[in-house]
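One chain, subunit A, appears in both complexes that follow, with subunit B as partner in the first and subunit C in the second.
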Partner chain A sequence: MRRLPIYLLIDTSGSMRGEPIVAVRSGLQSLLASLKQNPYALETVALSIITFDGEVKNLVPLTALEDFQIPYIDAPETGATNLGEALEMLLQKYDTEIVKTTPDRKGDWLPFTVVMTDGKPSDTLMFKNMCEKIKRYKFARVVACAAGPKAKTEPLQQFADDVFTLDTMDSSTFSKFWQWVSTIVSQQSQNVDSTQKDELPPPPEEIKLVL
Partner chain B sequence: MNEQQSAEQTVETGYSPLHQLLTGISDWIISHQTALQIACAVFILSAVFTLLYIFHKFRRRVNDMEDTRTNIDPHTGKTRPAVKSVEMPKVSNPDLDGFDTGTDTPFKNNEVVPEEEAAKIDSPVPLGTDNTAAAPSQPDDCGSVKESSSVPEPVETVVNEPPPKPTPPIIAFTFQTERDGKPVSFITNEIKKRIADFQIPNATVDTDYEFIFDFSIDELKIVSEQPEAQPKINSTLTDNGFSVELLEGNRIRFYGKPKMDYNGKIYFLHQTAEAFQEKQSKRAEGQSEPLYNNFQDSKPFIINAHPKSLWKDLPCVGTDENGNPYDNYGDYENADSVSSGEVVSYTSAKSFEVIAASIRGRSHAHVGKPRDDAYYYEFDGRQQTADGSNAGWNFITVADGAGSAKHSRKGSEIATRTIVQTLRSALTAEFTKVIFTDRMEQIQRWKNEFADADGKLAPETEKEFVEKSQLDKVLYIAVREAFVKIHNEAEEYKKKHPDTKINDYNTTLLAAAFRWFPELNDGKGGWFIVSYWVGDGGATILDDTADAVGGSRKTPRKVFVLGEPDGGEFAGQTRFLTMKEEITEEKVRKRLRFTFCDSFEAMLLVTDGITDPFFPSEAAVVDEPRWLEFYEKKFKGGCYEEPDGCKEIFDDTIDPQKKSEALLKWLKFWSKGNHDDRTVLIVRPTTFVKPNN
Partner chain C sequence: MTHIKLTAKDGSPVEFIKKDPMQGGVKDVYWHPQKQYVVAFFRKKLDIAGKDRIEKLVGTYRERIFGLAGGEYWKKIFCWPEKIVEHEGLTGIIVPKYEECYFFAKGTSLEGAEKEGKWFASPKNFNRFVPPEEKGDLIGYMRICLSLARGTRRLHLAGLSHSDLSYKNCLVDPKGGNACIIDIDGLVVPGLFPPDVVGTPDFIAPEVMQTLSLPLNDTNRKLPSRLTDLHALPVLIYQYLFHRHPLRGSKVWDMDSDKQEKLEMGEKALFIEHPTDGTNRRKVENGEDKLLPWINTAKIPYTIAGPYLKALFDTAFIEGLHNPAKRPSADEWEAAVVKTMDMIQPCQNKSCPKKWFVFDNKSKPVCPYCGTPFKGVLPVLDFYSDPMGKGKYRPDNHRLMVFDGVSLYKWHSDRNVFPSEKVSAADSKRVGYFRFWKGKWMLVNEGLPTMKNITAGKEIPIGQGVDLTDGLQLLLSNEPTGRIVNIQIVNG
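Then we have the complex of A and B:
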């Protein structure tokens, strides 16, 4: 069974505590609910969640959408934003979880990754190394989102295909963002067999593309 | 004495005023005990009632809010029309009656749940349906049915009243505890801990489900002797296809095949055998006592919709949900499904039939896009053989237009027709005589070599064969002709639509030409097959010579795979006929296969809509045992096992045209994640004779 793997990298640093993390939780709920209404997604999508603060956790390993259960995501009181370490884990999971095509086995579709952060990487050296390393990996797409006024877009542009900004971190903006992610994923699952990268569906006005 | 007196004095004076007051109060209490008890009871009861009333009001508000939110039909996504409220009949399950799972409150005194609330508790309303429609016709306790129509409808008060919420799923059980002959009180906490640790997997509609709730705790025994005390689930679960049973070792098996999706919680109700008995005896005294009322725990529980129910089947031409007309055919129409069958009375002794069918895949149907697969066949009856029978060449082909190419259905159509027609006009009787019939000795030598090498020509022989027969040239011309015709079509279309490219017509192609040569095998005759294959899919011949000649071969049945599939580096990539670099003599020769076979059970040409679900890899598509397994178990087996099966395909008394309709039915098999167009073409020997012939 060929899967469409989706990796969600979510910032859980101290600044996400409170409304933002609550909004992330409900955003994930709505992402999951709308993906489950899409037959393409329900048959092919597998999800994984990696959270990063001072510590990086693989909250859910790559799991088929139909078996997926949303974990409880929390943000500690304080904590750094170890995005570099999160990318390291992503690539490590890529190596171990993604099935590649061999003569004996049909491989997964190219994975899709969404990164969301409200700050800038604290582990700068590691981050720099990972930005280099990720170039050697094939992804269907890596979308990064800088949420809130303190988020920096420059670091994200070093590894992501598309970088977006959210000006505010309230739950309505977040929920629009995750809704939009579900539209992207649905489109991706629908067109897995097309060889070229599709245009992204237009984002809602709260979400701005960084050129 | 004095000393003694003074001591007593001290003692006496030890009674402080506070002490005296307390003693006074306690004396008073003792003398007014009964009256006080009554006062206390009245006070506590009234407080409880007030709190419950407030709580009930609050819940009503919360429910109202939730109901307006969930008043959306999960199937259509549209807001349901405002439902007129009707009086809900009290439908009670005597065992799970009186439960309210509206909150997670661990202790809830059901005795004071208002009547109206209680009525909602266990109404057998299937999850995810509009319960007001379903509930009123359910019989109540006494078996009578209340008709919703008999309820007067005072318009002003009932409109906009939200429908009652469906009852969530509940599992209930009764347990005994014992350690050293005494009940153990901490068990309830143990049970709660167990429930908290359960990892309940998601279920899927129409799919078998099983989960075992393991309560193997030393001092605990789940009661199962009395029917009423046995582990139970409520009607929300039974109506949705679930059952429950108690296994050895205090494990509750929860299983079934759900009918409707759900995303919420499942509730656990558990109580001690003592509590159960107390309720039983109250019941015996005639009190209406529910059997469970304590300790609620809950866990998330998800039943996924079956993807089957989510796929849409949209026509290629129609009106979209916004009322705008659309036409996805453009200039190239193609039927959603097509099937046909024909019997060929070949030589006096040999007849065979061709059965073919092609259907539009789910992924195309979901978005109203046309089918891109194609098949085609022709038989050349003009050629007379030495024994006077009709033994001309026969041509069969299937093609898969690329889903990502917008005109690929035209590409596959042109490819299949062109290759057949070009081959047919090239393989004339004269050509066949010069190349084959006049050189039968040499051909027989090739054939023997082929059989000795277990179905493969030695490279030297093959080279000689190719050079002498010139079949590589013939095939090259036919393949190039197919490419040119598609190219011309694209050029023509480009005049009106400047952005047209030949890639828009991308298609694979699997083609075979076969003929019976009566001269082979010392006049016993034999089949010769030449085939070409570019792209994915599969083409094979299931040889049954062994069966025919008494099983001299080591492997009882041989499968000849007529080429190799082309797969890309990533899933979903392949090679196409429409790629310029495929159109060279060298490339075409590489893709040619020559096969000899004295007798066959079936020839099969299929597109990747068939190979993908049944063959896990490209290596498997050239694996002979896999094809046997596919043919025997999946195809033939599927046809015989399904209640609505297609076994007529293997019945020689049935017209092949009818068989092709059965094949169409088989093509609709369900396979998760495999939703491409599907095409099958089968050739099989038959004794069928058309009534009019």
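Then we have the complex of A and C:
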């Protein structure tokens, strides 16, 4: 069974503590609930969560949607934003978790990645290296989202196909963001096998595309 | 949340609640406050041609299909846009809400979700996620296939092609045997309105896939049309009968997944059950147990759908796969499903997942879904008619497998009557029934005034029955279009 791997990279640095991280939790919950009612997603989607602060964790390895349990996500009191390391882990997982096509067996579909951060990478050298390295990997799409006033979009543009911003980090904005992610993922799972990259569905007002 | 009140182009009032639209591919969909209908706005401003298309669909074409005799029937098959509105520069259409049967029932694991065809078309969804009480039986799927073939036939007859027939654009209710074609606004009028989509993956015809990269105005570029509907229709029928895709086998044509897709659905498309070319057979890989038995084509071969459908699948997926002109028409599919339904027998295993199977005429028939052998005595009726009116009766290539309580209809007794939406109420009344009574099979005449036992040379008046024996011949009607049946008794 060919899977559509979805990697969610979530910023858990100190500034996410409080309302933002609570909003991420409930956002994930509604994302899961909505995907579990979608026959295209249920057929192919497998999810993985990587969190990053001063430390990078693979909170859930790539798991089929129907077996996926939402982990408890927390943010430490303080901590750096090691996005570079997170990307490093993403590429490691790409190499080890994704089934490659061989001459006699079809592999997984190209993975889809969503990165969400409220700051800028602290591990600048690593980040720079990873932005280079990621270019050698094929993704269906990498969508990055800069949440809140302190988030920087420029670094995200170096590796993502589409960059969006969230002006505020309140729970209603977050919930709209995750709803929209679920729409994108649904669309992707319907068109995994499409030969053209579709336009993303229009984001809600609170989410802005960075041109 | 805003309550919007508008006037439709036909002058009638339209209301909707402008909040959290459901997002389709090209439209945002809003509910009427009491959920009587939906208003679907095209996200992009329509150009003149786009508006013209919608107006024709809601106007001329709708009237042409729904305004004629039998029009009521089509309301069940098509969810057709009824009105047009303009709001803030965008065009919207008013579409009837879906019938209750197209939502998963309360108390099931998918409560409230739409019964999009996809749930039932893929082995994983069907085995793991469709609630058991919603899975339906073989008769339910046959009726779905019949409705889809009929709907497609009707569109083609009106000079339209659907152009994006897929499990996404049809709702199905296997439990009740219902199907409804939705998202009709993309309909294509050949020569007048070109298609605006290439179709849905899984349903794109090979010739469309192969020429996808050519510019739209290139004469070699193939676009969705009536002929591509005739590829998508059998793909749908195949999926509802076998819960797998007819072209998605195990053959790797290219290591790159985009190229693989283009080849597998395009230039290299190959039926997974091709009788002589096994290149693309579906292998059962590790961890795929949960997709069984559907992906095992040796266990559930397409031939279990009976001879009529098998012949059409061969034409559609072998001869016609890369030769669109050869593809069977929608009415051929409709006729084949009708004939196949006369060959269905109840499985004698009470807990059989499909409850019915197409009787394959073998002397030792076995239900292909649960392996239960058929036991008993079964009359098989072969129909003959005399198209030239010269007293020479020829086989109609149509047979009826009898089971207890099965009915005989006018479309069995008269070759000019075909069971479709056009059959009058009088013609759709049953004219006879079969009973297994005191160890013998009997046909009771209820509505055939000129029925005759040819073998015994005796009339069979209405209200009387005749014992069915091997080799017995009956004249069902002495009208020029009346049929003769020859009876065989099969021992299981």
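Everything that follows uses one rule, which is that the second predicted complex is superposed on the first by the 211 of 211 C-alpha atoms of A that agree within 3 Å, B and C clash if a C-alpha of one lies under 4 Å from a C-alpha of the other, contacts with A are read in each partner's own complex, and residues count from 1 in each chain.
Quick note on the criterion: contacts are C-beta pairs under 8 Å (C-beta built on N, C-alpha and C of every residue); 3 or more make two chains touch, one makes a residue touch a chain.
Because the structure is a prediction, the values reported are computed rather than measured.
**Q** Looking at the overlay on subunit A, is there a clash between subunit B and subunit C, or do the two fit?
**A** Here subunit B and subunit C cannot both sit on subunit A without a clash.
**Q** Would you sort A:T183 into first (subunit B), second (subunit C), both or neither based on which partner it touches?
**A** Touch partner of A:T183: subunit C, not subunit B.
**Q** After lining up the shared chain so the two structures overlap, which partner does A:E43 touch, if you call subunit B first and subunit C second: first, second, both or neither?
**A** both
**Q** Determine, under the contact definition given at the top, whether A:Q69 touches first (subunit B), second (subunit C), both, or neither.
**A** A:Q69: touches subunit B, not subunit C.
**Q** Report for A:A33: first if it touches subunit B alone, second if subunit C alone, otherwise both or neither.
**A** In the superposed model, A:A33 contacts subunit B only, not subunit C.
**Q** Can A:P202 be said to touch subunit B (first), subunit C (second), both, or neither?
**A** In the superposition, A:P202 touches subunit C alone.
**Q** Quick check on the superposed pair: does A:T96 touch subunit B, subunit C, both, or neither? Answer first, second, both or neither.
**A** After superposition on chain A, A:T96 lies in contact with neither partner.
**Q** Could you tell me if A:L110 is touching subunit B, subunit C, both of them or neither one (first, second, both, neither)?
**A** both
**Q** Touching subunit B in one complex and subunit C in the other: list those residues of subunit A.
**A** Shared contact residues on subunit A (touching subunit B in one complex, subunit C in the other): 1, 37, 39-40, 42-43, 66, 101-107, 109-110, 190-195.
**Q** Give every residue of subunit A touching subunit B within the complex, in rising order.
**A** 1-2, 33, 36-40, 42-44, 66-69, 101-110, 190-195
**Q** Touching subunit A in the complex: which residues of subunit C?
**A** 23, 43, 110, 113, 116, 118-119, 122, 124-125, 128-129, 168, 200-202, 209, 212, 250, 252, 255-258, 260-262, 265, 285, 287-288, 291
**Q** Which residues, counting only subunit A, touch subunit C once they are in their complex?
**A** Per the touch definition, subunit A meets subunit C at residues 1, 37, 39-40, 42-43, 66, 101-107, 109-110, 183, 190-196, 201-202.
**Q** In their shared complex, at which residues does subunit B touch subunit A?
**A** Within the complex, subunit B touches subunit A at residues 201-202, 204, 263, 300, 302, 304-305, 307-308, 310-311, 362-363, 366-367, 403-404, 567, 569-573, 612, 616-620, 672-673, 675.
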